[in-house]
Structures are given as C-alpha cells and as structure tokens.
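The first chain written gets the first letter, and so on, giving A, B and C; residue counts start at 1 in each chain.
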Amino acid sequence: MKSSLAAKIGGAMALIIVAAVSTTTLLNILRFEEAYQDFVARRLHVIAADIRRDVVFGLDLGLPLQAMDNLPDILARHIRAGDIEAITLRDCEGGIVESAGTPRHVGGVAWPSRKPPETWRRFSDETVALGVRIDNALGECAGVITVDHSAALYAAAIDRNRLRLLAAGAAGMLVAIPAFLLARRLFRRRRAVLGAIEANMAAILAGAADGGDGIDPQALPSGDTIERMVVEAYRNARPAMIAATASGKDDQA
Amino acid sequence: MILSRRALLQIGLGGALARPARAQGTRSYRILMLLWRGETPVEKGFRDYLAEQGMRAEFLIRDLDRDLSRLPGFIAEARNLKPDLVYTWGTGITLGTVGPWDAPDARVHLTDVPVVFSMVSSPWKTGIAAPPDRPPRAFVTGAVHIAPLEVQINAIRAYLPLRKLGIVYNRQEPNSVSNAEDLRALGGAMNFELLEAPLPTEGGAAPSPDAIPGAVADLARRGAQVLYIGPDNFVGAHRAALTAAGLAEGLPCFTGTELEIRDGDAMFGLVSRYDMVGRLAASKAMRILAEGRSPGEVPIETLQRFSYVVRLPVAFALKLYPPLPLLDYAEVIR
Amino acid sequence: MIRRWLLDPVTQCICITGVALAVALSGISLLSFHTSQDALFGQLAGKALIETDQARRRIDRALDLGIPLDGIVGIDAMFKGLVAAEPDIAFMVVSGSDDGIVSASGLSASEIGVIQAAAPEAMPEGAASGQSLRGGHLITRLPLTTPSAAGSHVAIGYDAEALTRPLRDSLVDVGIILLAIMLLSFELMLLVLTVNVVLPARTAIRVLREAATGRFSLLHGQVMTDELGRVLGRINEGVRRGAAKLGITPSATHEPRLVGVRLLAFLFVCAEELARPIMPAYFETFITSVPALGRETAIGMMMGAHMIMVALITPAASMLYGHIGRRHMYAAGALIATLGLLGTAFAQGFWDLLLWRTLSGAGYAITFTACQGFVLESTGQANRSQGVAMMVSGIMLADVCGPAIGGILAARIGYPATFVLGAGLALLAVVLMPRLMGPDTRATADRPPRITWSALTGTLRSPRFVALLLLAAIPSKVLLTGYLYYLVPVALIERGANAAEVGRALMIYGLVALVSGPLFARLADARGRHGLAVAAGGLIAAMGILPVAEIPVAWVIFLGIAALGLGQALSISSQVSVAIDLSAAAINVHGTGPVMGVMRLMERLGGSFGPFVAASLAAAFGTTTAMGLLALYAGGSAILFLAVSMRAPKPQPDAPS
C-alpha cells in the first residue's frame, strides 16, 4: 500500500488543529454556560430579595403571611418580565400561600421538619429556579419565596449561544484546510527530490544508470537542510551502489 | 485577580436546623401566668404562638394589678396548683418568683417549676439569670424585650450621624444609673460622647418634672444631637414633658421601649413589638413542654429583629426626614 | 547537530501549526466573547430594571410620606447598598421635572450629564423601554409616579463592563488553556515529524555513508510505505546486492527514538502535577480522622510521603534497572502511579491515603529512573546532555501545563475526579510506552547511577559538599515542597481563590523556570561562576518570597512564585556543576553517577520535611509569615553558602565539568 508523506504529515497537522479547536470550543461553551447561569441566578435573586424585603416588612408589623393583603401585588410586580414563569410564596411546610404566574413544582426542597436553606438555586432541564427563605423576628422560618424562570427560554438561550459557539468552532477548524494544503505543498517539493532519488536508484538497480543523479539542483532548498544531507549522502554512495549492482550483474551473466 | 464573583451568590446548603416539632397528641398543659397589669399584647402573642403550633394549653391568670405585695400569695398558690409552667411578666415579678440566681430561697421562691419570663430588660444585671460565664439556671429562661445598647446606637446612626448623645435620668433609680454607666462605657468603643443631665434630687426627695425642660436645654447647649430615653420609670412617667422639651430645643428623642413612641412623642425608636416578645417567650415554653427540654438548655434571648419605628409628624416638625434605606424596614407612624 | 536537523521541515511544520492555531483559537475565543456578551445582556438589563424600579419605589414612598424631593436624605446610603450587592453599578441620578439633577451618586453630576448626553448605541435584544446604552453605560431611567413629583426621574447606570467581566475574569483561563494547547500541539507535531521524517532520514544517511565506503553492512530497519519508505526500499535493495557480492549479511538499523522520552516524562509528571493545586486542601479533609498525630505532623506526613518515597525508591530502582530493563520498569512504575492516584481519589481515611501517596511516590521514582535509563542508553557522551535536556523539557512542560489544566478541571469536576484523571494519564503512559520507548537495548553500559555505601560515605566526608547540601540543595527543595506545594495553595485559598486560580499561580513557577532555565545554564557555564550562581539563586528566591510577610496580598505571592522559579532555574543547574567540582576526589573513585545520586537522595530526604516545617510555621504564625520565615531560612542559607564557597580554593582547571 502506498502512502504519501505529505498526506501523512498534513493529516496529522490537521488532526491536531481540529483537536485543539474542539477543546477550546468546548471550554468556551462551558464558560458561557457558567456565566449565563450566574447572570440568571443574580437576577432571580434580586427579584426574590425584593419580595422578601416587602414580606419581612409585613411580618415585622405583626402580620402573618396569610393576612398580607398586598401579596398578590408584590408578587405580580415582577411577573411582568416575560421569562419569569412563576413567583411563589410558601409557608415553611411547602404549602402555597400566594403565587403569581403558574407554579410548577416545589423547588426540590424537602420541607417537612427541616429548615429550608437560606438561598438555593436549581438549574436543570425542567427547572430554573431560585429560592430564598424568610425568617421572622424570632429567627424561625416564616416562609419561602421561589422564583421560577422559564426553563424552556433558559434552555433556548443556552442552545442558541451553544450553536453560535459551535459554528465559530467549526469555522475555526477551517484553518486546518490551508494548514493541511501548505504542509502538503511543503512535502510535495520534497517528494520531487525523493522521487528523483528513487527513480535514479531504480535505474541503477535495473543496470541503466547514466552519468547524473537526476536531481534538479533547483528543486533542492538552500541551506543545511535534511534533504541536502540525504542528497549529499546519496551522491557520495552512488558510485559504490553502481559498482555493487553492476558487478553483481556481471556475476550473474 | 482573586474573584469573589461566586461569593456573591452562595448556594445555601447549611441552615438545616430542626424546627420545633409540632406539638401533637391530646395532652393539655397548665400554664400559670403571673401578670403586672392584666393581659397585654405580650400574652396575646404568647397564646397565639402556642395555638399556631397546635399546643393545647390551659391558662391560669393571676394579675398582681401593679402590687408586688400580692406575689407571695400567688407563689404559695402555685405550689398547690403544680402547673406545668409558670409565665412571669417583667423584672419585678420574675425576680420575686425565682429569686436571685446565686441565692434563691426555696421557702420564698419557686425553684422546681419551669419559669419562662417576658418583658425583662436585663436579666443578667438584675440577677434573674446567672452571669454568662456561669452555668445557666436550671429552671429559668425567657425573652428579653430590649435591643442590646450597641444595636440601639447603630439604629440611631442609621437615621442621623451621632457624636453626642444626651440622657436625662433619675439618679435614685439604680436601673437608670447603671444604664447611663453602660452607655458611657459604650461611647468609648463606638465613638460618641455621652452628655448626662441627672435630675436634681434634694434631700432624697423624688425629682420634680419641672426640672426636665431645664435639663434638656442644658443638654442642647452642650451640643447633644439626640436625647436617649432609657428604662427610667420617672422619665417614662413624664415622657411627654421630655419630648416636648426636646421638640422645643430641636432635639429628637430615641427610645428602646415601645410605649414612648406609640404613646409619646419620641421621634424614633428600636423596639420589640409586645406580641413578638410574647411569641419569643412562647417558643421557649414550647421547647420545654413539647420537646421536654430543661429550661437551662433553652437560652435566654432577645428578638432577632426589632421594629424600627419613626413618628413622622415629629420628624417633620424637627425637619429630620427619615433616610431612604430606613423606609425599607421602618414602621412609619403618620 | 540536532538543531541543524530541525531547521527544516520540522520548524516549518511547527510554524504552520502555530500560526494556524493562533489564528483559529484567538478567532473563536474573540467570537465567543462577543456572542456571549450579547446573550448576557438581556439578563443584565432585566436585573437593572428591577434595581431601578426598587430605587424608584423607595423614592416614591418617601415622596408619598410627604418628604419633598429635594429633602430626601440617604440617597447616597441607598446607592452604597446597591453597589455593595452589585459592584458594576456605576451611578444613580435623581432628576427633577426640569431635568435638573437633584442628586447624583457614584459619579459627579457633570460626569453623569456627559454620559446621559452621549448618543445612544445599538443594543442587543432584551432591553426594556427606558433603557439605553450610552457612553459605555447601560442606563435605566424610570419616571417617579408620585403626582407631586411628576416629570421627575430616577436613573441607574451600569458600567457596560459588567457584561464582559465574567468573561474577562476567565480570560486568563483562556490564555492559559491556549498556551497549554499550543505547547501540547507542538509536542505532538514534533513527535510525528521526528518519527516519520527526521529519524528515517538520519538512518538513511548513515546507511548511505556506510555504502559509500563500500562496506554495505547496514540496512535501513524502518518499514514505511510513503515516498521516503520507497526510496529507502531501493537503497536497501542496492545494499543487499552489494552485501551479497561481498558475501556478508547486512544488519538492520534505525535511530533510537529518544524523542519519545519527552512525552513519557511529560505523562508521568503531569499525572502527578494535575492535582498539585488541590493537594493541601484535599489532604486537609482527611486530617481530622487522626487527632492523635496533630494537624501539622499529619499534613507534613501526607505531603512529604511522595518526596520521601522518591528519595528512597530512586536508588533502589537504579539497582534493579539492569535486571528489569526500561520498558518493564516504566510500565511497572506507571501502573503503580495509576494505582496510587486512583487510591488517592477514593481514599477512605488518613492511613490508606498515606499508603496511596507512598505508592504514587514510588511509581514516580520508578518511571523517572526508567526514563533516565532510556536517555542514557540511547545517547553517547556526545549527545547525552541533549538527551537529558529532552527529558527535562518534558518534565518542565508538565510543570507548566499540569497545575494550570488540573486547576481548571478541579474547579469544574471536583477533587477526586482530578486524581482519577491523573491516574488516566499514568495509564495512558503505560499504553503508549511500547511505541515511544522502543525495544530494550542492553548493549550499552550506561545505566542509571547506583549509590553504593562507599560512595555515600566517601561523598559525605567532604565538608564543602555537605555545605552545598545543607545550605543550597536542601533549602531549594524545602522551598519547593514547603512554600510552593503547601503554603502557596493554602494562602491563595485563604484569600478566596479557587483551584483554577491556584493552578495558574503554580504555573508561574514552571513558566519562569522553563524560559529562564536554559538562559541561566548557558550564562553560568560561560562565566564559570557556579558557586555564585547557586548563592544568587537562593537569594533571589528568598528576596522575592519575603515581602509577602509584610504585604500579604495575592500579587505579592505571585511575585514570590516567579522569584522562586527564577532562583531555582539559576541555582539548580549550577548546583550540579558545584557538586562535581567539590567532590572531584570522590568522583575519581566512584564516578559521577553515584555522587550525584547521593546528592539527590540527601536533598530529597531534606525536602520531604518541607511541608511539615511549613505547616507548623503556618499554624504558629499564619500562612504568609510562614512564607517569610522559610524565605529567611533560604536566604540565610544562601549567604552562608556564599561565604563558604568564597573561601573554597578555585576548582582545578582540568576538573570535569
């Protein structure tokens, strides 16, 4: 099976470039997703904290959650943003006290007899939500606010950007093509030299050696390169080779 | 280089404290309440809390009607009634019921029944509770209704800058003298100067309310920025005279107790709502009765949050508008 | 000689790869920077809207209470509260019905005026009405709703930098990754070219030169199917005929694939270095299970276990080398290291973790010895130093890439998974070994140095050699294990850094050493002042580390790490020369190898106490003071060494160097 040195080296180079670009693209995607999640969580936290401030104000006036008449307004204030699906105020056992939008789940916290964490966030395929706990003046849990971001819109934003980054990565991989071509060109020129040696040697082996070594001096790069050294060694060895094959022929004759 | 971006949003994982278990079962508890001036919002908060937690309780009310001499009789009665818990209102009744921490007298005081107090401003200083470095008393715990002095000074500073704090008090009341001492000491640490105007007392006689305007004017002359109303019975009784004098001198009054601002002309205060204090006391009663803890294991505490109250007409009269951040949490009385 | 070989085509290929990667990687990173920024904008705008609305509600409430707009107090305090939660908020402004500024916070009224007057820029989607992008700020402007303040507005300006900050914060990460990926790509390219072009061509030249003399005793031994392979086939045919005529059987030959040692050294060092940034923090979690030992002893044992095993196992492995051969030895070492790292990842308690760490150390020592043997067997006197340099460059590359990549990974995948990944690298080394190491060639007598008892006692009898050990070699290692491996991660984590940032910091050491090492080696060789170089290296490291005791901030720590890299690069290569000079007598008797073996053994034994000393100092005085104290120790040692070496007679001009 024949293979070409130019293709081999060019292929290896292309492969290395593709691998490097893929790794970088992957890291870019991961980095973006981390930053995006952080931004969404910060926004949800600002919403939850804003609501908590109002609820705490009511609690400190001595109002139980159930008696706060302005809760619907407080919650609805933030639902106007299109990607916020639901804002829910629950008691510490998970029972809904008031909600705006369409609450879909309990935020994944095991409620009974455990104090919910002060704040938490949950980013999964089905849920993009953040919760904060409300404490009363006694330091006891008084309720929990969860803010649900539309998981579909979140996933869509992530997917959209992922596609863009993948496209950028794919475009980046295209540089492998000129690199491959350049490398191949480089080795093609060498192939001319190697081909000349091969043909010359074949002629010697066939007993048809003429005076020259068949190597075009123009094709040889200047400087002290590896081809020059091979060619030089070949030129020096050529007479001995001719002698060896020629006398061998004599013996056979 | 070292980012704190992640620190901005902590993913809370801790705080998995056990909530007091809901009282279940049919057991009803008998709670003896020793009260100073009949039922107040404190007791309402106490009862509401227990009811919300699902605890059945029978309340035996004994009202001293502002007369401490009735206490021994009620204590004797308590020995026969054998209640599950005794609730006491205020420093006087509490101290009379449980005695000083280092020398309770089993013949005079209740020493083997859980006692939960409320409305005690300083249980440690009055000897109701053992000092912080000593083991706590086995049968006494309760709710403190005054914010720590430091917190009160910070509350003043949330409204206006404070360098000189004025105080008018009655030298004959030990509680007031020690309060002034505490403030003076705190001044060094918190960088303010305490200006004192003790009311003149001639020959052991009680001071005259007429002396109050002069004392306030004196403080104003010395550069006081805020008048502090402490736990002084005499000043408390004549709070109207004090706040009016303050208003005349352009001095706002700050208070740590609810009465002076709800029923007086103090401009602002950091106070515990009475029903909240009752609830806090009730949460301690819950832990003793429902969880079977010894009162010694249940810490004496004050509220986690206090109510910041601003009396807007006074603020307007003094042209001292409440700052914006304060409006987030202050209760504004119009 | 090698450089001449590398001039062409290797250099060209590396250049093409480098340019292509630089274009592609910076291009896609820039593109991702911009698209990500657009995607984040909507969320930022949404948050700014809520915050501005909050501010508006507060002001409306004050107005509602009857406070006049120009009498509202505490706007600055409210602004400070906003900034505390969100540092990217640049300013807040309240304007009256005539658009006159009532209050300005964050920036001066005139600065805000300039920003608000700037022409609006195009915004990505996600902004609400009332939001605009002007003068580098995202401005959200909302009208007050209280009737008494009709026409008044409140506006909050976000620095638009907020969008780029989370991405810019990780820009250093990107740079590190790009650097590491480029270095690894070059490494692979070099390997491909060397194996496919350079080595066959060199063999061909050897075969042709042999043929030119008419001897025909060498055949090209590498079977290849490309153009070069076909040429070689013809040449072999010619040689065979010539040999047949002479009546001899030519033997196949090929160049030893020494280049493989780079990757082999890289793999086994990288396996360990990946977890370097997380080691103190990870080990600390196991310390609590042994209260009897005391925290400092426990952490010292855990961190020192690896180094002490390297010190003890290396001589033992050298003795066994002749019996086992490099291939089996490398495979065994890499397998032991795999086991040790896997065990570290899943350790249950202190004692089994200690066992896994000693296994890792043993594996490291064994693979190191095998690589050393590979270099010695594949080189002659003429190209030995180049062979050693090849192995060292592999180790250096791992020192640079390992902690940096490991840190980034650890921050994402967790501590145990990072150790598992290290184990994976060690296992990869086992798999690649047959291709990279070539068959065992037992012909040569050059073996990894063995330490004999007489060499040990003979060497240690020289007081100057002992001075070098105690005042230069051991302090160097103590700084490495105590300062760099233990105190630096601990101090940075104390300051809120994550594993990725620790890894980046540790990388500074490798990077500085990588760049400055060859330079200093040449400089010291040219000047011949090795003793001075050793002392100067110690002093530079000490003086770089010392300031952190007074200025305990992150960038001073980075400075110390860089100084350590510089100092070690200056000192370590010269330490070898000084050791050879100082123990000329012992070398005459025992040879260079054993004498150097003694030095390595003793300095590693000393260095294994570094973490213990560092942990004890840190517990007593705090982390940064402990750094300062270690620096004082190293600096004092360097000065003493300078004094000792000044009094030493000049080395003999004919001493081996």
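Basically, a contact is a pair of C-beta atoms (placed from the backbone, for glycine too) under 8 Å apart; a residue touches a chain by one contact, two chains touch by 3 or more.
Source: prediction; values computed, not measured.
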| item | value |
| --- | --- |
| Chain pair, B-C or A-C, that carries the greater number of C-beta contacts | A-C |
| Chain centroid nearest the full-protein CA centroid | C |
| Distance between chain centroids, defined by C-alpha means - subunit B, subunit C (Å) | 60 |
| Interchain centroid distance [CA atoms averaged], subunit A/subunit C, Å | 22 |
| Touching two or more other chains - residues of subunit B | 5-6, 8, 328 |
| Junction residues of subunit C - those touching two or more other chains | 85, 166 |
| Contacts with 2+ other chains: residues of subunit A | 38, 42 |
| Interface residues, subunit A side, partner subunit C - complex | 1-5, 8-9, 12-13, 16-17, 19-21, 23-25, 27-32, 34-36, 38-40, 42-43, 46-47, 50, 77-78, 81, 83, 157, 160-161, 164-165, 168-169, 171-173, 175-176, 178-179, 182-183, 186-187, 190-191, 194-195, 197-198, 201-202, 204-205, 221, 223-227, 229-230, 233-234, 236-237, 239-241, 243-245, 247-248, 251 |
| In the complex, subunit A residues that touch subunit B | 38, 41-42, 45, 53, 56-57, 60-62, 92, 113-121, 133, 135-141 |
| Contact footprint of subunit A on subunit C as seen in their complex | 4-5, 7-9, 12-13, 16-17, 20-21, 23-25, 27-29, 31-32, 35-36, 39-40, 42-44, 46-47, 49-51, 53-54, 85-86, 166-167, 170, 173-174, 177-178, 181-182, 184-185, 188-189, 192-193, 196-198, 201, 204-205, 208-209, 211-214, 216, 225-228, 230-231, 234-235, 237-239, 241-242, 244-245, 412 |
| Subunit A-facing residues of subunit B, complex | 5-6, 8-21, 272-273, 275-276, 279-280, 283, 303-307, 328-329, 331 |
| Sites on subunit C touched by subunit B in the complex | 58-59, 61-62, 65-67, 71-75, 77-78, 81, 85, 165-166, 169, 492, 495-498, 501, 554-555, 558 |
